[in-house]
Each structure stands twice: as C-alpha cells, then as structure tokens.
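What follows is chain A paired twice: with chain B in the first complex and chain C in the second.
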Partner chain A sequence: MTTGTLYALCGLGLFGIGLGGIILRTHLLHKIIATNVISSGVFLVLVALADRTRGGRPDPVPHAMVLTGIVVAISATALALGLLRRFYRETGRCRLPEPGSLAPGSLAPGSLERWSPERRSEGGDAEKGNAEKGNGEKGNAEKGNAEKGNAEKGNAEKGNGGEASGGKGDGCRTW
Partner chain B sequence: MPDLVIVAPILVPLVAGVVAYVAGRLRRGVAIAVAVLQLPLACGLAWEVLRRGPLHYEVGGWSAPLGIQLYADGLTALMICMASIVELAVGVYALGYFEWTERESQPSDHTPPGPSATGPAATGTTTSESAKRSRGGSFWPLSLLLAGSLNGLFLSGDIFNLYISLELLTLAAVGLIGLAASLDALAAALRYLLIAVVGSLFYLLGVSFLYSLYGTLDWQQLAMRFEFDFVSRCAIVLLVLGLLVKAALFPLHFWLPAAHGSAPSPASALLSGLVLKAAFFVILRLWFEVFPHPRLALAGQLLGGLGAAAILWGSLQAIRQRRLKLLVAYSSVAQIGYLFLVFALASDPAVAWNAWSGTAYFMLSHACAKSAAFLAVGSLQLAARGGEIEDVTGAAADHPVTVYAFALAGVGLMGLPPSGGFVAKWLLLRAALESHQVGLAIVMLAGGVLAVGYVFRVLGRAFAATDGAPQRPIPRLMQWTPLVLALVSVGLGLVALQPLELLRIGAPFAPSSSAQSAGLSEQAGLGEQAGLGEQAGLGEQAGANP
Partner chain C sequence: MRGGRKTADRTENTDEGIRSKAYSHREVSTMSPVLWILDALFCASLLGLAWQTLRTRDLFKAIVLYIVFGLMMAMAWARLDAPDVALVEAAIGAGVTGVLLLSTLGTLSAARGEGSQRGGAFASAVPVAGLVTGLVGCLVGVLAVAVWQLPVESPGLSAAVEARQEESGTSNPVTAVLLNFRAYDTLLELTVLLLAVLGAEVLAGSEAAGSEAAEGGVAAQETAPRQETGPRQETGPRQETGPRQETGTRQGPDAQQERPPAADRDPVLRGFVRLVAPAMIVVAGYVLWIGGEAPGGAFPSGAVLAAMSFLLMLARAEEGPRLSRRGGRWILVAGLIVFWGVGIAMLAAERRFLEYPVPAAKGLVLLIEAVAAVSIAATLVALYRGGRLVRRPRRTVDSEFRS
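Take a look at the complex of A and B:
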C-alpha cells in the first residue's frame, strides 16, 4: 500500500465519520463541525491524489482544488455559524425542530412556527410535551417578552435562559 | 468579441453584485440595470451559438487541466436566456415588494410582535429595526451573485468549476432565504445550507474519484476517456446522489417546502424557478454527455421511477396544503419529478431526442410558470394579510390582474395548450408512448389532472363571493410582473420551434428519423453528428498531446 492510498483511505474514513455525525447528531454546532469533518475527508482524498504521478513531482491540480475547496468550506462554515448565532439569539435553541415534524406528510401549516415562543404561548396541544420540556427557559423568555415588549431585550433573556438551564430541554450546553 | 459573449454573462452580474454591496442607495439601480443588460447578453450568446455552433473558451488563456474551461452549446444558451428572463421579472417585482414590505413593517417595529402580525414577512420575532431595514437592501447584491453563479454553472466546461458555482449558488440562495424575518425562514435556511453543503461534498468526492482515474476535469475529455469500472461507478453514484439532494428529487425533497415556502416571495421565485434547475442541469449534462448512459439503463429506470413518485406525491401534498406558498412549493416537488423521467425515457435511442428536448423545454417553461406563480401568490398574500388559502377568498374582485396571472401560470403548470408546459409534456408523452413505457405516460397525465386540482383550489377561493373587508391595494409592479412572466410561459408554447432549433446545437441526441419532417431533420442531424465527431477527435488529440 502506498502512502497515497493510505491517505485516501483515511480521507474516506473521515468522510464516513462526518456523515455519521451530521445524520446522528442534533446539536447544530455538531452538524456544522461534522460538515467540516466531511470536507476534511474529501480534501485528504484530493491531497492523496497528488501522488498519482508516481514518483517525480506531485500533481499540482488536486492541490489547487483543495485550496479552492478550503475557501468554499470556510465561507459556508462562516455563514452557517452566523445563521446559528442568530437562531440561538432568537429562540434560545441550538437544535432544529424534530426531523419528524418536517416529514413530508406532517408539514402542517405553520408546523415550524409552533416552537417559536409566540406560538408556544398559545398552548398548542400537539406541542405540549415539548413545551414542558423546555419550560425552564421558555417561561423566562416569555415573561421577558411580555413585560418589556422589546424584542431585543426579550432575545437577550432568552439567550440567558437557555444558558442557565444548562442540561435541561434544549440547553445548548448539552452535548 | 466572441470571448466577450461567453464571459460577460458571468462577469457582469458577479462584479455588479460586489459593487451593489458598497453602492448603498444605488444598489437597486445597479441591480435593475444589470438585469436589463443581461437579456441582450443572453440573446447575444444564443445568437453566437446559433451562428457558429458550440463555443469554447479558456479563461486567461490557460489550458486544461489547470485553467478554467468555459463551454456553451444550445442547452447552455437556452438556460442562460431562461435565467435572464426570470431574473429581470423578479428584479422588477422586488422593487415593489421590498418597498411595500418595508413601509408596512415600519409602524409595527414598536409594537410587540404577536399573532396578529402575521404578514408573510412579519411572522416571528424580528431582530432589530436596523437589521430589518437592511433586509430589502441585501436582496439586490445577493440576487446578482445568484445570477452570476448560475450563469457560471451553465457555462462551466469542467466538473470542478461546476462544484464551485454550485457552492456559490447555495450560499447566495441561503442568504436569500434568510432575508425573511421569520424563525421559519431562519431554520429553513440553516437546514438547507447543511444539506446542500453535504450534497456538494458528495459531488466533490465524486469529482476527486474521476480525477484520480482519468487525470482531467474537463467533462468533454472525461466523456472520451470514461470507462465503466468499479471506481467510476462509485463516482457516478456520489456525483448523482449529491446533486439529487440539491435538485430535491422525491425522497430527498424534505428540505424544499420549508425553504421555498418561508423565503420572501421574490426569493422563492428565484429558488424554485432557477436554483433547482441548476442542479438538474448538471445531472442532465453529466448523465448524457459524460457517463456512458446506455449502460446506466437500470439506474435511469430508478431515477425515472423516483420522478414518477415525485409527481404523484408532490401533487397530492400540494392539494392538501392550507398555505399558499407551501402549495406552490409542493407543486415544485411534483414538477421536478417530470424532469427526472428523461432518465427512464431516453434509454430508448429512438425517442431519446424527444425526451431530452422535452425535458429541456420543461425546465424553461416551468421556470417561467413557477416564478410567475410564486410572484402572484406573494402579491395575493400581502393583499390578503395572510398566507392561508382561505385568506384569498374573493381576491379576484380586488386584484383581477394578479389572479389572472396565477391562473395563466397554472395553465403552464398543468400543461394545457397553448402553454410551453404543453409542448414539453407532449414531447415527453410521445417519448413515453413510443418507447412503450405506458406507466410513465399515465403518471404524467395523472400529474396534469392533480395540478388542475391544486391550481383550482386557489382559484376557487379567489373567485368565491366574500362579505369580508376589501383587500389591501398592492403596487402596480407587483400586479403586472407576474402577469408578464405568466404570459411568457404561455407564449413559449407558440414559439417552440426556435428554442428547439437552438437546443439541437451540441445536443447529445439528434432528432430521430421518426420525427415528422424526416428528410430535413435527419440531414441536419447527420451534419451535426459529423461536426461533433470531428470536435471529439480534435479534443482527443489535444488531450493526448501533453
């Protein structure tokens, strides 16, 4: 086995690990990291490809592809992190709504809105279980919202609530 | 000059997109000017392709494999024309849309957001006043970047460049979804970004496999060297799987309704009309012009079967929806299914041309019809202060133009004559019947009937009598642009000959002898094949030289 093959196999392994991560993990930060693991895997395969010239000088084309790919991966990661921060600030959550609620059949009108604080306060029956889970932080958040009637402040509180509740509900610190 | 023709469609919108970021108040002007300019640029490219056949261009004079290859044939030119038409209409519409939504949201900034503020752009919490105000403004640079990366994708001559433009397209699309000030949109944008990035990485891994085998990225050279061994088959699976996610074919469509349904209406129109087509375009290109498709008949049947499932599933879901934009989004799931039928149909060489050209024409007419539908629905939603189908009750009395636009777009979606959708479906249907794939033909017809069902659900409400309050007036721009776009989609049925003529340039198939004007088209087809063969020979020599 040449070094190139070894590298390529390691790359494929990383690809698999990352793929497992993005499917199995629900925490959004994990998912973002998992995409980065996948891209590292692909880049490793590409780096190994430079060996294809057999002896002699390495093939420059895969290197150029890796460099370009890194730039793309960084931009995508930055955008994802930016979106995640905003998502966290506005909901105090780090997980997307259950995949079940997004299954094609059950994408009922506004199903995605149910978990938003405003909708939650209306007391949707379907969401009760979930609502109870996240009560610790959500209760606080809603109070903040109602009393101050100021989106900014409410959001800040929601953020704090999320952090303070730690392991409970959708606490973003639970890994 | 010929170089300019092929480079300008990429360069102009990309540069303008960057300029628009710093142009402040001028960004709307920049964006509209570029959208207007893109139409003659696209026509220029189509003209040049018609006149001189497929065009090649090496960016900066660097040859493959290190340089970037651009390539334009009839399909490319048609796609770029399609993109420029839709982008112009959406740009003009967005002028009215963002002015209106920003004016509407101004007073509500100081009241706590509640269930009463359920305008399409006002659901959920808003971050802050300044962020909100900048939202409409961000649309322009993002839409320009989207336009530039789309054109880059259509013109790509190598598979790595395709990856880059796919990623650029994804980033621009995610930005556009995120413009809507709702939590739905935020979650949908995140989900779409993660899924699309993983799809792209599958594609990139496939690219690296192909490069390791054949040492080239240029897809025409790849096509000549392609062998059907194990690693190549793995590469095909990776490439197609990655692209299927982005094209939202049936079991992988789960992200689409939320993303397209929660984006601002002009963005939905771009996403559903153009971005989905881009991923499909890459599959179409690779499948028939790079992969040895006669040996992929079984996989083609599988894709065709999934397409048929998508038609039925998407249409049924569309009928079940209660929200307007989700209905239109599920309709996209169904219409994407029609595109994938080509992989099952074209396995029979006798009908391959009909299936292939019908599919390309379907992309064109669906882009116009679906964008028009999203724009019209966006107007109706704003006028009715709500996104439910119930809310548009009686809209025909107050907004006849917009309802008419939706109905015409619906004609295109159903595939009734004389729309472009009819021509496309006719070609596909003929291919299905002539290759004895009756099941697919039945699904196509059933899809048309189901489309009648969901279009008339909206129209039925719009024409129903109401004693409620009259709907709000909406700007003229937002009434007439959807109508113009819908008229284009219908008009495509009347001028089908010219686009089909354009499509034949550089096409992987020639019209078969069973076509109506047998003698003429056969001759033309033969000439073309000879031309292609010659080119292929030249390419091979070039490839062998280094």
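Take a look at the complex of A and C:
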C-alpha cells in the first residue's frame, strides 16, 4: 500500500465517521462539527490521490482545489453557526425535532406541538419552562422538583431583568 | 506488491532528478518501514480523534478534540507533500474554525453541561444506530474498493501546469493554479466568503439592531454568554437562582464570576499581544510574498492577520486605528473589487477574462493576493463577529471564549 492509498483510505474512514455523526448526533453544533469532519475526509482523499504522479511532485490542481475547499468550508461553517445562533435565539433549542428519532424518555409526549409557529412567537419563557419541566421529569426524575423550580425561577428572573435576550437562557441543556 | 512497484518507480525518478527545484528540498515519500509506521500512526490518530470528537457528549471536549484533529490534519498534509494546504489547514481549518465553534458554544450558554442529560445526545435507539452504522460502513467499503482499484499512477494535470509554469508569474505551482490558471475558482471563492458574511449579518441582524441601543451595537449573540458569566450577575439575587445550581459540571463559569473588572485582567496576555501583533503583521507579509515561489500566499497570510485580530480582541486592545462601518465594508469587498477590476481590465486589453499578459503576471498576481489577504482576514473577523467587521469601541469578546 502506498502512502497515497493509505491516506485516501483514512480519508474515507473520516468521511464515514462524519456521515455517521451527522445522522446520529442530535445537537446541531455536533452536526456542524460532523460536517467539517466529512469535508476533511473528502479533502484528504483528493490530496492523497494527487500524490500518484511519477516523480516526487504531486499534482498541484487538487491541492489548489482543497485550499479553495477549506476556505469555502469555513464560510459554510460560519453560516451554519449563524443559523444555529439564530435558531437558538428564536426557539431556545439546539436540536431539530425529529419525530422518528424519539428515544424513549427523551421527550415528553406532545412536546413537538410546542414547535408550532404561534407558540414560538410567544417568546421564550413560558415555553422553555414547559420544556424544562417535561424533559426534567423524563431525563433526571430523581433530581426532582427543587431543581425544576430553580430553573423556572432563574428563567423568570432573567426575563424580568429587562434584557432583550434574557429569557432565552439555557434551553440547550434540557433537550 | 503495488507498494513495492511504486516505491521502486519513485526512487528511480528521484535519482533522475525529475523534481522541480522549488520543491527539491522536500523528501520523497518512499515507504520505508519507519515512515510507514508514522503514516499509520497519523491515520490512526486522525480516525481516533474524529471518532472521539463525534462520540463525546461534552461539546466543549468535542470542540477541543476537533481543534487537535485539525492540527493533525495539517501534519498529514505536510506528509502528503501539500505544504500550502497544511498552512491553510493549521490556520483556518483548526484555528479559525475552533474560534468560531467555541464562541458559538459560549452563546449556547448552557450547552456545555447538556451532554450529561440522558437520551438527548444521540438521535435514536440502538437498532437505528446499528442500521446507520451498517449502511455507512457499506458505503465506505464500496468507496474503499474503488480507491483501491485506482491506477497506481496518474499524472493528473501536473504536466500541464508544469508546462505553463513560466508564464504564470509565480514559481509555486499551487499559487499559479489558484491565481492564474484557475483564477475563476478563487474569484468565486472570495464571492462565497462575502456571501457567508452577508448571511451571517442577516442572521445576527434583527437582535443586533434591537440591542444596539442598550448594548452599544454589539452583534447580538455576544450578549448571550454575559447572562451567566458577565459582570451583570455579580450583584443581585440571580446568582442564587441561576441555572448553575442544576448540574455539577458548571464550575468553570462559576469561578469566573468573581473575576476582577475587565481592564485589570490579563496583563500578561495584553503584553504578549503587544509584542506579538507587529511580528504577526510581518509574518503575514512574508507569507504573502513568499507565496510566489514557495508555499504561502493570500490564504495563509489572511489567516495570520485574522489570528492577530482575534488576539487583539481577546486582549481588549483599545489602541489602534478605528474604522468606520463604511470603511469596514469596503475592506470586506476590496479583494473582490480588485479581482474583478483586473479581470475586466484584461477584457479591455482584448484578452480573455483574467488572462494576464506574461510580463505583468507576477505583479498582477501579487496585487490580487495582497488585497485578497486583507479582505480574507477581514472576512474571517467579520464571520466571528456576526457579519460585522466594525463595531463600536469598548466591546469585548473574551467572555465568549471563557464560557
């Protein structure tokens, strides 16, 4: 096996790991990282296969393409992160609802209904309080009511603090 | 057997002195056992890091692992005789991506402790995960067979590049491809960067406008981490009722709440940045200039400049020239304007778009690269700041890094 082949196979492995990650991970930030792993794998295959020239000097065209690709990848990453931030600001969540992916106990029954647009536009506090209650019961029932109470109190106070984004504090933890 | 044949070929060609003079200082990758072990270790650690990055439930850990992964990738590029790619990967792939990911994680204020929750991190139950793993494995297997069956040798376009290298105005083949032979690619790439900035600004926009009055024009997402770590919480009852009581994993931000006021913090960092920032400007210029004949060029140079800007922001460096917003926007588009200007000038001179005359090629390539490097740096900074290059003074960003 040549160096090029070895790294090309490694790139394929990275592609596979990233693809699995993008499907199986639910947190959107994790999905974005997975996308980057996929692109790294693709770049690795391209450059590794450029190494098959006679003589020691590899083909520069794939190298230039990968250079371009890295910069485009970071643009796409930055845009995706912007979308994620906006999504988080609008909904207080970091995951997309996927009805097919509901693991037992991960979501309270009916919680997807909170995704309707009119509920979203109501603003974060009440909605997030619900979400935390629902998930709190399922996720760590043993921690009990005191914690939930604190979470809600925290949210309410933040909301009353007069900050524009104050009510949308920490929905990401409870999903 | 394949490896043996190729090794023989390569050694032979090396002896014939086929390699170009610009690249002759580099080793040809003969597959000696030591190098083979090194390569195998590289590949294994790349795969392992990627696996851990996507497997862990702690997002902060995932990001740090991803940065390490990017640095390992840079070493792999160097191993594959792609030093230009290695430079860009180290600066942009690992560095800037890591900065963007960390700052977003800071925005998703509590996301860090989130991983400890059950049932949320992975999409689905075991059968689905098994199915996905199986299908992905099949796909990768098929692709691996395809890669394995590729011819051992394939000259690609290297001969064509080499034949016209003299006319490109640069002796670094990668720069020649990027800025002369396939200058369209780079032109459109700069366009993509600009589009990403516009998208980021639009996405950050509404709340930025809303918070401008209160916050002095920060991009909106930067206010989010302050809810937990910022000075706002240092007084008042919120400390007692905040979300930090919920999990034990949030010790870090808690400790930071007792930090001294901003101006007194990090004297070491400030002094360090003061020393390093001018040197980084020189390095950026050097990398830009040397790109004409050796690995380097606009993209690594722009990345170094962007890294310097990040450091300045981290250290809250107040001094230095201030840009107006309009000026900032001009800097963002300057690379594209010059690129288009050169292309159209070529049309006016009855050549094809971006077809440089041979005598002027070096100067034109350098001009485009210099302006593009500044624009790229500005773009990376703007992407970090939610699409805006310039915001008003006295805004700081380090709370994002720390949270």
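As a convention for this text, the second predicted complex is superposed on the first by the 100 of 175 C-alpha atoms of A that agree within 3 Å, B and C clash if a C-alpha of one lies under 4 Å from a C-alpha of the other, contacts with A are read in each partner's own complex, and residues count from 1 in each chain.
Simple rule for what comes next: contacts are C-beta pairs under 8 Å (C-beta built on N, C-alpha and C of every residue); 3 or more make two chains touch, one makes a residue touch a chain.
Quantities reported herein were computed from a predicted structural model and do not represent experimental measurements.
More residues of chain A are touched by C (comparison of chain B with chain C).
In the superposed pair of complexes, A:Thr35 makes contact with chain B only, with no contact to chain C.
After overlaying the two complexes on the shared chain, residue contacts for A:Pro58 are found with chain C alone; chain B is out of touch. Look at A:Pro97: by the touch rule set out above, it reaches chain B but stays clear of chain C.
Judged by the touch definition given at the top, the superposed model places A:Val72 against both chain B and chain C. Of the two partner chains placed by the overlay, chain B and chain C both lie in contact with A:Val45. In the superposition on chain A, A:Arg25 makes contact with chain C only, while chain B stays out of contact range. By the touch criterion stated above, A:Arg89 is placed in contact with chain B and with chain C alike. The residues of chain A shared by its contacts with chain B and with chain C are 8, 15, 19, 32, 45, 49, 52, 59-62, 64-65, 68, 72, 75-76, 79, 83-84, 86, 89, 103-105, 150-151, 154. Contacts from chain B toward chain A in the complex involve residues 65-66, 111-115, 123-128, 160, 163-164, 167, 170-171, 174-175, 178, 182-184, 186-191, 193-194, 197-198, 200-201, 204-205, 207-208, 211-212, 215, 217, 253-255, 257-258, 262, 313, 317, 321-323, 326, 388. Partner chain B is touched in their complex by these residues of chain A: 8, 15, 19, 22, 28, 31-32, 35, 38-39, 41-42, 45-46, 49, 52, 59-62, 64-65, 68-69, 72, 75-76, 79-80, 83-84, 86-87, 89-91, 96-97, 102-105, 107-110, 112-113, 116-119, 122, 145-146, 149-152, 154-155.
Remark: chain A residues 1-10, 12-21, 23-27, 29-30, 32-34, 36-37, 40, 43-45, 47-68, 70-79, 81-86, 88-89, 94-95, 98, 100-101, 103-106, 135, 138-140, 143, 147, 150-151, 153-154, 157-158, 161, 163-166, 168-175 touch chain C in the complex.
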